[in-house]
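Several structures are given next for inspection.
Presented sequentially are two complexes of subunit A, the first with subunit B as partner and the second with subunit C.
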Partner chain A sequence: MSGLKIDNIQKRFGDVHVLKGIDIEIDEGDFLILVGPSGCGKSTLLHMIAGLESVTSGTISIGQRDVTHLNPKDRDIAMVFQSYALYPNMTVRQNISFGLSIRKVPESEQEEIVQRVAEMLQIGPLLDRKPSQLSGGQRQRVAMGRALARKPSIFLFDEPLSNLDAKLRVEMRTEIKELHNRLGTTMVYVTHDQIEAMTLGQRIAIMKDGVIQQFGSPQEIYDEPVNQFVAGFIGSPSMNFIPCPVVKQDNQLSIELDNETGKFYLPIDGKNAELESWVGKTIILGLRPEKITHDIASHADNQGIHRANCRVGIVEPTGPDTLVFIELNNTKTVCRVDPSEAKNTGENIDLMFDLTKAVFFEPETGERVC
Partner chain B sequence: MSTSTDKRNWGDLVQAMLPKIVVAPTFVATLIFIYGFILWNAYLSFTKSRLLPRYDWAGTQQYERLFANERWWVAAENLVIFGGLFIIFCLIIGIFLAILLDQRIRAEGALRTIYLYPMALSFIVTGTAWKWILNPGLGLERLMREWGFENFTFDWLVNSEMAIYTVVIAGVWQSSGFVMALFLAGLRGIDDSIIKAAQVDGASLPRIYRSIIIPSLRPVFFSAIIILSHIAIKSFDLVMALTGGGPGYASDLPATFMYSFAFTRGQLGIGAASAMMMLCAVAAIIVPYLYSELRSTRRG
Partner chain C sequence: MVEQNQQQSLLGRAFVYSALVLGAVYFLIPLFVMLITSVKTLDDIRTGSLISWPDQITFEAWSAAWTSACIGVDCGGLKGYFWNSISMVVPAVAISTLIGAFNGYVLTKWRFRGSDIFFAMLLIGCFIPFQVVLLPMARTLGFLGLAGTIPGLILVHVIYGLAFTTLFFRNFYVSVPDELVKAARIDGAGFFTIFFRILLPISGPIIVVSVIWQFTQIWNDFLFGVVYSAGDKQPITVALNNLVNTSTGVKQYNVDMAAAIIAALPTLLVYFVAGKYFVRGLTAGSVKG
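Let's turn to the complex of A and B:
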């Protein structure tokens, strides 16, 4: 049993309240992502799990064991740091075996472990080099190797990929995921990159200002964000937030949208009960870019699909899709369109709005309405 | 049109030459007063010069007289004692203070200034102050006796066996703060997360310093030892102010030996020869250092 339970953890640095009551519970073998903008307290939380930072209040348990006040070395954890934190005076081999020799693992066994780790991460040829003679990607591997040498019950990663270039980052991301599948060890992974969070995590905790905004699976968080912050943080390009008046049109609850080509109304099906009281008021419609597409004939009869003709603003080809920017209620709105269907700036395009996954937020608080 | 380009050319020329023009006087001065005089001194060491320079070649006669001189060997032995202890104690105390200050204690700025302050004094002031402190009739010994420790004796300053050690004490007092500053800068340059990684690996704080931090400060050791050893070899004013080389010539160092032979005893030739020996000692330390420095900058 080596799940992780964080119970109402608080952290203050003097007057600064950094973590304001964090609750997280994951099972053994889970891959937990802590994601949020810089300065929201992710590293602080991770360091508290590791025992490198004291706890102001609350408890941390690993498995059944309360580790809140244990030293890092007694917590059975291994950690990979953002700056890699390799020991500059030691060779790669010594870096990997340092923790083992402190734990008095016999020399022959140490060598065996170093070989196993080196093979797993393909760093065999680097074993006798010093960290200063390695590239960024190689240092990253060595840092992982050092963590892998011991078989801890939890791996902690603090933005391990953020110093790598884009291509290497994607490769290493896949490798970390494979590693997790192979080892099945519980992992806690801190990142500020929402793509990393979505691709790696089984459980994602989205943090802002020392508070967990939402804790759930990637798909849950993507489809059912609890507030505008989460909705905007996850997904790229970001979700569109369009303020729109709610009206009764032909006895059908609708939202009013205004493009340069004229006003049009999109009926809302299925959420009438919640939105009835909003008639005559303005609500924030949250609609992901891939829910506004070119006209796909085969989808036309599906429920919740509506067509509208809009003026094209800026066009950004990305390869698989072209991002078309339109103006709705004076808000810039991104649509994901097939490249062959995209129009040029200033032309009109027939777009298809899919409101089945649309979400609505309070304009003032950003809280989810429905 | 052509005049304006001429003017601009002149302006450009002056601008391009300006750094060279500014540096030229000091360059010439360095050339004459340092390297020129080194060569002159080297020549004098092979002549029969006594009170005044003479230029008749005498081969290695002055060196033979130097090596036959018992006082020279006392000075050389003193240099080994002084240099060795001075460097070792400065390093130990400097590193110790740096590690303590690195624990993010309060009032660090004030403490750092206090320890660094002796460096701002000239060796003359240090020497004089310590002469008073260590003077048996005046300083520490008298103080302790007045406090009631009647048998307390601390007479190293006037003891010819121990006088050189008082020079060590004053030198260490003056320079260990500087070593501390060097090491503190080095410690501050070490990434915090390296220490955290070692903690997660299970290492205790002393072990972290012993196995990781101090070994990775090797370049700092190197600089500190180079600087300290050249201070040690050149030491002159400290000895002059503190012991004057005495009692007798018991605390002579090569620099004070050179001064007294060349300028007070009218033995310019021997003085020049001893100066050359000091130059060789400094070169033996500095040249490998410069070599490795230049090589690494060219590489890096």
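Let's turn to the complex of A and C:
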């Protein structure tokens, strides 16, 4: 059953065209992520789902009910805000039960719900405190608690973790995921953080300038980005984009790469049909850092694997991997190398290029070629 | 080096303090003169100098000012007029503050087409001199049948004060995050519930500012009082003027001074009680968490 359907939504603030035709449909119980750089219209879209912002055109349905013109209170939603938006004059208990008391839920039932929520989020000891007496992480929990007090048909989150420090953010991320597994309620989650998007989402909508660039599962978006923007936005460190001439070398369609150690050619297998017309032109090769590694002997015979010797630039150890920067066609390129195999700056290293997941983009438009 | 610095800072401090003391003395001497004059006998005033200490302290002038001094032909003291002022100030302050809060709420949290222009026009209201509105207001009060009454005065002060109270609350609510209102809307709270249960309870600092400001403005007002009220419905400022100007027999400086202090007492009291909240409210930033 449909959990949320957004049909050709447009939004203008006066002359500013903020959302330019958004279409999204997810199943009931799905976890949808809206992700994109700051100012792309994520919050606006979420606020429109909530009914806090009017729509210029298009329709929104929650659980097969058209809610486009309903008030927020009639949409059966709950929302967690970036600033938490706790009522400063009320205790935690009152914050959680405010919505219930407005909806005339009997007092005894309110108390039961407060207890249930407090237990779920481990905020029992905080119930009689004011928000000003809480730490950032505790406020965040209370904000979640307020949303959990009712059993809405959809939860909306607007960057709920972005004000927390890194460690707490990771903890809460896991907790939100557990919560979703437990409740099974449809959730829409706005973030500008691609790691949050990848780890939490079942469905991810990547937005830019009021347009959805790609809508799919995390793996689809990671492996098959539709354009250079999506490819660069998802993944850390970012995908390498290397402009390469496409050439016929030994009757093999290849890309030409140039390092301080000399030129080398990597044959492209399996994408000949699409790339044939590019011979003699320059194309953008998209290759993720983990696809350029140290020489792993056991991989040597796999398809699409090629070796090359390159000069090492900057080296950045991260712990599990060491990031080695090399120059390819005058473009800084990151490689993910085992720490024990990494070389120092200025030395040469034998690298293994795995082109099976390589993607190619139009240099002008950034659109995916193949 | 260090010693020299210390000496310099000591010198600077001495300079600052003596300037402050001088300033304080300059402002306090009139008050001091008023106070000692009000507890002197008339003979004492005639024989002594302006700042000489009273021979004997008596509060007769105070009780005369309160209950028996002649104001025009009526010799009942300031008492009645004091209560006139109270019954004018309290509702006028309460109403103008409440409406100002409400305006501020609408102008910041429920912005409408033209709300900025509306606010700009209200701001101009802060700069309109009293004299400009005297005649139109007199006609309006006459039309409403409120001419010469305390409710009429209340109405005038509420209208005139709205520009200021709206400005106070609007600037305060601008710093209250909009997400607070959005959260309340999702919780199901309506327009008035949000105002009375979320916004107003966190407005303490700015309410204090508005109340002090309005209280002193309205209590001290003379012009509106003298124009729009008559007879025994006049506020204390007008009565004080009439008391001082009533010339039967000798000029009773001690009664005049006592009356002037009585008239000033409520505003002084408000400042002493709430002054520190006034400063705090004016500098209050956004409501955290």
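Assume the second predicted complex is superposed on the first by the 368 of 370 C-alpha atoms of A that agree within 3 Å, B and C clash if a C-alpha of one lies under 4 Å from a C-alpha of the other, contacts with A are read in each partner's own complex, and residues count from 1 in each chain.
Simple rule for what comes next: a residue touches a chain if its C-beta (ideal position, glycine included) is under 8 Å from a C-beta of that chain, and two chains touch if they have at least 3 such contacts.
Worth saying up front: this structure is predicted, and the values here are computed from it rather than measured.
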*Looking at the combined model built on subunit A, do subunit B and subunit C fit side by side or clash?*
clash
*Should A:R336 be classified as contacting the first partner (subunit B), the second (subunit C), both, or neither?*
neither
*Determine, under the contact definition given at the top, whether A:K73 touches first (subunit B), second (subunit C), both, or neither.*
both
*Have a look at where A:K11 lands relative to subunit B and subunit C in the superposition and call it first, second, both or neither.*
neither
*Could you say whether A:L134 touches subunit B, subunit C, both of them, or neither, answering first, second, both or neither?*
second
_I'd like to know which partner A:H294 touches here: subunit B for first, subunit C for second, both or neither._
neither
*Could you tell me if A:P88 is touching subunit B, subunit C, both of them or neither one (first, second, both, neither)?*
both
*Taking the contacts subunit A makes with subunit B in one complex and with subunit C in the other, which residues are shared?*
47, 50, 52, 71-73, 77-79, 81-83, 85-89, 98-99, 102-103, 146
*Hey, which residues of subunit C end up touching subunit A in the complex?*
177, 179-180, 182-189, 193, 197-198, 201-202, 287-289
*List of subunit A residues in touch with subunit C within their complex*: 47, 50, 52, 71-73, 77-79, 81-89, 98-99, 102-103, 131-132, 134, 139, 146
*asked:* Help me check something: in the complex, which residues belonging to subunit A touch subunit B?
replied: 47, 50-52, 71-73, 77-79, 81-83, 85-90, 98-99, 102-103, 146
*Can you check the complex and tell me which residues of subunit B touch subunit A?*
191, 193-194, 196-203, 207, 211-212, 215-216, 218
